[in-house]
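Step one of this worksheet: look at the structure below.
Chains: A, B and C, in written order; residue numbering restarts at 1 for each.
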Amino acid sequence: MTTIEKLPGYDAAAPLLSVDNLSVTFGSYEGQVAAVDGVSFTVNPGETLCIVGESGSGKSVTQMAVMGLLTSPPAQILGSVRFRGIELIGARPSTLSVIRGTGISMIFQDAITSLNPALKVGFQISEVFCARTGADSAAGRKHAIDLMERVAIPGASQRIDDYPFQFSGGMCQRIMIAMALALNPKLLIADEPTTALDVTVQRQVMELLTTLSKDAELALVLITHDLGVAAEQAENVMVMYAGRAVETGPTDPVFADPRHPYTQALLASMPEMSEVSARLGIIRGSPPVLSRLPQGCAFQPRCRHAAPLCEASRPELRAAGAGRASACLRMDDVFTRIGADV
Amino acid sequence: MAETLNTLPPSDGDESRQVRIGWIHYVRAILRDYVTLFALAFVVALVAFTLGADFLAPHEPTGLNLRDRLLPPASTGRNGDFYLLGTDELGRDQFTRLIYGARVSVSVGVLGALLSAIIGVTAGLMAGYHGGLLEDIVMRLVDGMLSLPSLLVALFVLFILGGGFGNLILVFLVLHWMVFARMARGLALNARGSAYVQAAVAQGCKSGRIIWRHILPNIMAPILVLFTLEIAVLILSEASLSFLGFGVQPPDASWGLMIAGGREHIRSAWWLVAFPGLAIFFTALSLNLIANWARAVTDPVQRWRWLAPHRISGISQ
Amino acid sequence: MSYALRRIINSLVLLLITISFVFFAGRLIGDPALNMLGPGATPAALEKLRIVAGLNDPLWQQYLHYIGGLMTGDFGVSYRFGFSVLPALDLAELGQPVIDIVLERLPATFLLAGAALAISIPLGIFMGVTAAAHPRTFADRIVTVLSLAGVSVVQFWLGLMLIVLFAVQLGWLPTGGYGDIRHAILPALTLAARPIGRIAQVTRSAMLDELAKPYVITARAKGVQNHRVIYHHALKNAAIPIVTMIGDETSALLTGAILVEKIFAWPGVGLLIIDSLSRSDLPLIQASIAVVAALVITVNLLVDFSYRYFKPEITLGRGR
């Protein structure tokens, strides 16, 4: 069985995951639509990156593209995604299936429908383990029980032969996490892992993810629209809007002193985080339709600070302090002033 | 996750920005789809020949001409007559006979399906809307009759009653209404819980009015699709029953009977069997293709794939 | 009462209704004694037969007698043998029990239907899965058109055309009859065309639904190989409509065999039914319809029970 180290392009010194200028477009009624437009980011071992944005901002599609889960056509994928130097865009299915599971794993929002309803959970957890390592079913079973215990499912050894419908939503999410960890991946992508769960269960699942990432040197890419989660979990954050990254940087400074009006508006819309602005927090207007993006900056029609120059050109990310970048054309005149207020 | 991507293209959410689908989209879609276009053209031609047989047929259907017996397709008879599809053992033009045979085969299919649809939809809608004992009885009958071997029952009943056009339609009605009843009942059950029915109830509409004026128009599309498919099924069944001698009786000629008649000459005159069979095949195939297409374009989840100008789809792999 | 028991009782009631219907409807075609002996029979012979066969009893008594006989496996005796001359006193000595005749023909029909299923189930599923895994490609189109063609073709006509081509023109295979495997090829292919089409259609649409579900993405994301995702993960979830269709088509094969057996002179139950109908051999008609109906109802029952294997919720109940 091929391991990651033997794949062509492997470089132990390269970043764990580096995404460079990734674009994903789909055909639609109204021609080509860019769901993701020139996104770049890097994840290092053990690090947590949060990707924040409204639905339709392209955060999930970005991660689907990273995992090679989009079919092309219809999706057109440009740019580069490298795992330890191994190029994943356009990689052969055999390469992808080695990377998936052993290199990168992914868990999804709706755990109940994301598990196969017709297969026993134990089998689903150990399936890839057995296929890759050639372990027999007894070893697979033991591995599944270990993993279920690791994600704190009570009575693991009895429940291994149950079907997903016999578990609650939170337990299903734990099963999915166990499944994702079966081959000891280096990176876990979690696509809104707690959105479909009750508030108390959300917290437990997040704590579990935190513990696991600390214990196993597991890097996390956490997709969320919950800024509270992002603030607690992540070293780095990337804010996406209409398929583009609009602000990136270390979490604490970005949240304390946002350099993009959209980040600012998002923070203001969170009750417990609205120190930034004393005023209420709703963002005017509705998220943009990707096929009919406004002229210039995509956020401009909803932006409090919009000026004529914002309609002229689409802003690129520019450096905005230590390790930070923002895609606001008026960054300098708007945010130096606001930054001074805070 | 996958759902959001699958519904991405028709830009959900903002009503005013949604693309409205008008008849022009259907016309464009069908013009792009050559297979369905062919099927539609075939059915239109078939209907034209069936209705206008007396004007369009090149020869007399009963015009015996023993000198031109068993001529192969595309041959010219002794007196200069051209026989596109050849002649039978009595020298009758096969193309003409096919046209007249279509009258019988198609009308058995259409009438049988129509009567089954009327009875079945009525029973199904009543059962689905009213529920209770009525529903129990209807559905028990439907389930029971659907699990019987229908060709065998048809054979037996026709054996008892004797064949012929009327009895054939009667048997089809008795053995096929359940298909419509089952579908209509399911659709009525769904509709009963829907907002438009609740609104009609709230306005004080009587149940009969709700069933016929509110629910029926809303479930017409799937019923028409089923109706199209059932015509094909019945044309095939008619052929089988007539072939065995239990369906249409001579001197009426259906396509199935023509195959039965041609069977004696199969070693020397293959065209007597081949063309009636091909006629049935293309008729059934066309109806199936049209039903397939209609089902796809009237399905709100699927239709944008067909109506959109470009090839689009969500994540499939 | 358990679900299984209730379903079995329902099926038995349905079978009883069918048998009763055939019994009473069969009396509508006229005097059974006249049917047996033919129009040339003398009044004395007819009367003698009526007495021996109990045909002078009230109809309900005859019915109870008939049903009682069924319980012990007595389906009556065939008219075919013995009655052309004056009947002897004991019917059973002259007529061959119809159930024996039917059972003797059953293996041939099973062989034919089994061969057709052995061709159509794997081929239909493979075609449907391939089409669903590559939607809107050339392969998908081909499968769609082929499966519609299989559904649209008249079975017996296809059989005749195959005979013309392979038996008459090319001379590779026999035109009909029962013997070695070469006799079975054409009838089995003829019978398989429709189920291939139906199974491919239903597999394609069920698999399209399943492959769009989130668990498929999960399976791919955890590194399961493509063919396993399709054939193991998705196909098991798509099984219920497919198995239902296989069940329907198995029933259809048992009756569709009537025409195919006639075309190929294949000595199965189908050919027996046609022969007995043309001879008005009522006991034989009744027995063969009863046997075929019983088989079809059993197939439906088995399909119903198989759902439990494919959908664990049904057996285990929801939630804990």
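Just so we're on the same page, a residue touches a chain if its C-beta (ideal position, glycine included) is under 8 Å from a C-beta of that chain, and two chains touch if they have at least 3 such contacts.
This structure is a prediction, so every number in the text was calculated from the model and none was measured.
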Averaging the CA atoms per chain, pick out the one whose centre lands closest to the mean of every protein CA shown.
-> B
Could you work out which chain's C-alpha centre is the most distant one from the centre of chain B?
-> A
Averaged-CA centre spacing for the pair chain C and chain B, given as whole angstrom | 24
CA centroids of chain A and chain B: separation to the nearest Å works out as 51
Centre-to-centre distance between chain C and chain A (centres being mean Cα positions), rounded to whole Å = 55
Set of chain B residues in contact with two or more other chains | 1, 311, 313-317
Tell me, which residues of chain A touch at least two other chains?
-> 64, 69, 108, 110
Name the residues of chain C that each touch 2 or more other chains.
-> 213-214, 217, 220, 226
Which chain C residues qualify as touching chain A in the complex?
-> 213-215, 217-226, 228, 233, 236-237, 239, 310-313, 316, 318-320
Within the complex, which stretch of chain A touches chain C?
-> 64, 67, 69, 93, 97-102, 105-106, 108, 110, 113-119, 127-128, 131-132, 162-163, 165-166, 176, 179-180, 182-183
Chain B touches which residues of chain C in the complex?
-> 11, 14, 17-18, 22, 25-26, 28-29, 133, 135-136, 144-145, 148-149, 151-158, 160-161, 163-164, 168, 211-214, 217, 220, 226, 251-252, 254-256, 258-259, 262, 273-274, 277-278, 285, 289, 292-293, 296-297, 300
Touching chain C in the complex: which residues of chain B?
-> 1-3, 6, 35, 144, 147-152, 155-157, 159-160, 232, 236, 239-240, 243-246, 256, 259, 263, 266-267, 270, 273-274, 276-277, 280-282, 284-285, 287-289, 292, 305, 311, 313-317
